[in-house]
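Naming follows writing order (A, B, C and D), and every chain is counted from residue 1.
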Amino acid sequence: MKMFIDCDPGVDDSVAILFALNRPEVEIVGISTSTGNVSAVQGAENTLRILKLAGMEGKIPVCAGAEKPLVGEVDGFPDFIHGKNGMGDVELPAAEQKAVDMDVCDFMYQKACEYEGELVLVSLGRMTNLANTLAKYPDYAKKIKRVVSMGGTIYSHGNVSPVVEANIGGDPEAADIAMMADWDMTLVGLDVTLKTHLTRSDVDKLLRCCLPEKKEMVSFISEELKYYMDGSRRQNYTMEYSPLHDPLAMVVAVDPSVVNTRKMVTRVECGGTWCRGKVVVDLREQPIEGRFVEHALEVDSRKALNILFAAFQN
Amino acid sequence: MKMFIDCDPGVDDSVAILFALNRPEVEIVGISTSTGNVSAVQGAENTLRILKLAGMEGKIPVCAGAEKPLVGEVDGFPDFIHGKNGMGDVELPAAEQKAVDMDVCDFMYQKACEYEGELVLVSLGRMTNLANTLAKYPDYAKKIKRVVSMGGTIYSHGNVSPVVEANIGGDPEAADIAMMADWDMTLVGLDVTLKTHLTRSDVDKLLRCCLPEKKEMVSFISEELKYYMDGSRRQNYTMEYSPLHDPLAMVVAVDPSVVNTRKMVTRVECGGTWCRGKVVVDLREQPIEGRFVEHALEVDSRKALNILFAAFQN
Amino acid sequence: MKMFIDCDPGVDDSVAILFALNRPEVEIVGISTSTGNVSAVQGAENTLRILKLAGMEGKIPVCAGAEKPLVGEVDGFPDFIHGKNGMGDVELPAAEQKAVDMDVCDFMYQKACEYEGELVLVSLGRMTNLANTLAKYPDYAKKIKRVVSMGGTIYSHGNVSPVVEANIGGDPEAADIAMMADWDMTLVGLDVTLKTHLTRSDVDKLLRCCLPEKKEMVSFISEELKYYMDGSRRQNYTMEYSPLHDPLAMVVAVDPSVVNTRKMVTRVECGGTWCRGKVVVDLREQPIEGRFVEHALEVDSRKALNILFAAFQN
Amino acid sequence: MKMFIDCDPGVDDSVAILFALNRPEVEIVGISTSTGNVSAVQGAENTLRILKLAGMEGKIPVCAGAEKPLVGEVDGFPDFIHGKNGMGDVELPAAEQKAVDMDVCDFMYQKACEYEGELVLVSLGRMTNLANTLAKYPDYAKKIKRVVSMGGTIYSHGNVSPVVEANIGGDPEAADIAMMADWDMTLVGLDVTLKTHLTRSDVDKLLRCCLPEKKEMVSFISEELKYYMDGSRRQNYTMEYSPLHDPLAMVVAVDPSVVNTRKMVTRVECGGTWCRGKVVVDLREQPIEGRFVEHALEVDSRKALNILFAAFQN
């Protein structure tokens, strides 16, 4: 499976990337970043260090993208959950590989052309880069095989407002453009990620069960998750566990059998006090204009977690 | 049970009122109307004719209220479902009773004072009159025993937008004020009304089973529902049935055991494209400021319908 | 939120009280005790020690109430689960504060008058004190805002008989009087408390995650729960966990969104071999005379537990 | 299948008997009656007329049994639902066959001995005859293959009290004896019978679909059900339908695949105001003394009804 990842690492992004790097059938052909959990530049830097940690330095091009959403400005980063550096303030050794010096839209389009019809686009952050590329290259959507995105909430509550999830809420206009594009998109949102609990206990088990050559990666994951779980605890009252956001989307990208889904006519609300960024699905008999987006609604959490951890075992 | 009804009759409002009039333990002490299914004045006129039909002419004061929502203007009426006259274009004989000539806020407040602490306020339309009365008389809420309102949608779809129900969507600012007032409010919304099917077949059974002295009322209900079900069919693809909106709220007012509920921190979104009028509940561990409003989430439909019909039998 | 607590501490009562003391929005204005898990006098003594532990010595008046149910005598205490002293035989330092020397009915009524219309009455034991106060002061019910009570079982099994829960079974006549009073009562019974598992593992996590200044309280909770969980294990075959009774009722009192409820016509059976103390709800179309009491039927256990633990964290 | 029926016809009893008579694999070897819907003598008379209607006159012995419950007296009959004659006041031609002139216990025991180990005992009324026979012949239970009884309510409401079903409530002491006997007993109670709706519409379909030679029986059923459904309507607000009580138990006797069951330790409460006659099941880890009785908890209603009707078709 040829995969392109757009992300904002981010503790849970980094776990998702490391999982993908350790799945034999996945070939990551490029990684782009946008502002979100950290700045796009910081996210690219983090990505390069993660690749080095995984022994993949120099093998996958990385490109820093949008530093701002389509509308408005960035108003700070969620340090309390991702740390100042976006990796729970764990310091990985710097890599020698540098980010490619390209416009991110050109980078994304180039990869889409190179692997035309083959590329699974995994979107783990805001959809700003996707929207910009769709604007610059109207045929971008047609070149992508399918999109799996961590984002949104339909029946569950939100995390940046009562009804809005952070990736969509961080750039609603971009998300609406991406959802209206002519490609197959699956949204893995809070309906399933909040029900999938990543526990300290499971991470400790993984430390004991992982392959020796993967121990360093697992140790890094274990360390950065301490910060992350503590932030989750203070925000969401979760003791020694956290929801599984980006890694669950990545698991779905490689094994969609862990979720039940429904395709629904979908738009993104861009106005309002609490609803700016809300994913609006229309199940009425005569719905609004919109495209059918596939939403994950139920999850086999235990299976998803086991698949995630298994990538680091033999 | 002392009851005050605020409504906008409206086919389903009229069924709800006739049900209440035929429940022995219910004493209706006043009825106010606002714009909604029809104009407030037309709604008052319809109410007077319904009272006459039920043999209650002159016994319950009726007052026409707000002709406009708090913000914006009225843009037409849903003729396709309620008919031009609001009663499925069935013409009931005119009553001699006239609507009281009072400001609706004074009327509502007067009744609340007269039956202080006793009054169940059943709200079947927009909450404009409620909001205006709360503004004019800040202690209005404390005088009301509890409020049961047909409105909103939490997990189900909407009926005037993908996520918005008509009564709340028709005056979001008023609904937000009413929900933030210091009283016990139960919302009976589309989560339960869409699951409760009023069928032609059941109405025909009622025509056969009803008491002779109630036959005229049932015949009227049967006639106006022909128009209403046909509108529902064209809008929602329902053949010879319709959802049960206002009457279900009225059934809940007299017998709350037909629904399961959850109290949730609640606000009303007043902005946005599709979300203006959306009922926003916050189930996060650290919710926004808001009051706990009780939402009906599940319903014993068969029992609710049977209770509705039984009022016209022996 | 002004709160009055009537209880019989009792291990789980003490956890509930400590939770309430650590919720910033809760102001406890008085605590009364009745016989139940221990004698009323012992319960008052325990309460005073708990207040001292929480640094609240002298700030909340405590009053010992009924030592006997309305009918019959006390036949021993459940030592096997609460220990001889009612706190799992953990010895807390004695307080200098003394219980107020008043008739408990006068005490409860006085507080209800002082905070008229504001008081949330949380009832964690038998309803003997409530019934006696209602008898002595017929307008007591009207002065209370709402009642949340741990008690009863509708669809689940009982714990003192196949179909009877201990608080109701301990004084059925009192419970029937309290349920027939004219106030809003929510029963949090075994239908939800048996599904909410308080685990040793979670308590250990709390010991690691709690604030330093709250460590002493959490250590006490941890210690007394050892005894309590062991009793639960011997009675109910639960290894290293127990149901969450009184603390769940307290969580519902501060955040009702953790449960789904149904209001049902309710009485308490006072006769029979296995049914004395059974909560009888009547869902028939033509029910018996009785008042609508709200019963918690479903629970978001994980959220409820997280809210409970969060009071001791930051 | 050799079957013995103990009943109190009764409209629904008569439907159940006619169904059994039309199932080829069922061989009814005797029918006894007790007081319940009508007197035992009237029930025997009705049974004889039903046998004649089915062309079985003289082929199955019928015996009138207990006219009183073990404790207390008969206080009238439910005319409003079964009619004065127990068959909805439909007059069937009298039979020439007479009831056997025997003590019902001797009759029941004789049949049990004659078909030792083979007999399915279908109990459609109070268990008075069963209890008396068990008392007179202690080895009666061992001679019976299994018992299927219409009776009780576990999670549903009752019909003679909020929590008590009529057959058990009509003779609680007898029911407790029968449930403590050493045989396999399945209770088909209101949990499933209230969910199985016998509709006028289905009966009309059966009139159109039945075999010509069975038309007379179906016409009788159709006629007596008019009275029965009208009584149900007045009591339970059911328009042109009724719950399916006795016939469902009979369907379960011949095809148990229509229900899901649970075996639970069971006793019958014999005291109390609302609970006298309540079936008490104990699901606690350490239950009371009692025997495991099998209770039907879920039903495939459509299948059960189709099986019932099919006996009258080809």
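Note that in this section a residue touches a chain if its C-beta (ideal position, glycine included) is under 8 Å from a C-beta of that chain, and two chains touch if they have at least 3 such contacts.
Computed from a prediction, not measured in an experiment: that's the story for all the values here.
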When chain A meets its copy chain C, do both sides use mostly the same residue numbers (more than half shared) or mostly different ones? different
Comparing the two chain pairs, does B-C have more C-beta contacts than B-D, or is it the other way round? B-C
Cα centroid separation, chain A vs chain D, in Å, comes to 62
Note: chain D sits from chain B at a C-alpha centroid distance in Å of 45
In whole angstrom, what separates the CA-based centres of chain B and chain C? 38
Sequence positions of chain D contacting 2 or more other chains: 236-237
Which of line, ring, star, complete and other names the graph you get from chains that touch? other
Just spell out which pairs of chains touch, all of them. A-B, A-C, B-C, B-D, C-D
Please output the residues of chain C touching chain D within their complex, sorted ascending. 155, 157-159, 161-163, 235-237, 265, 267, 269-276, 278, 280-288
The answer for chain A against chain C in the complex is residues 233-234, 236-240
Any idea which chain C residues touch chain B in the complex? 184, 256-257, 259-265, 283, 285, 292, 297-298, 303, 306-307, 310
For the chain C and chain A complex, residues of the former touching the latter: 202, 205-206, 208-209, 306-307, 309-310, 313-314
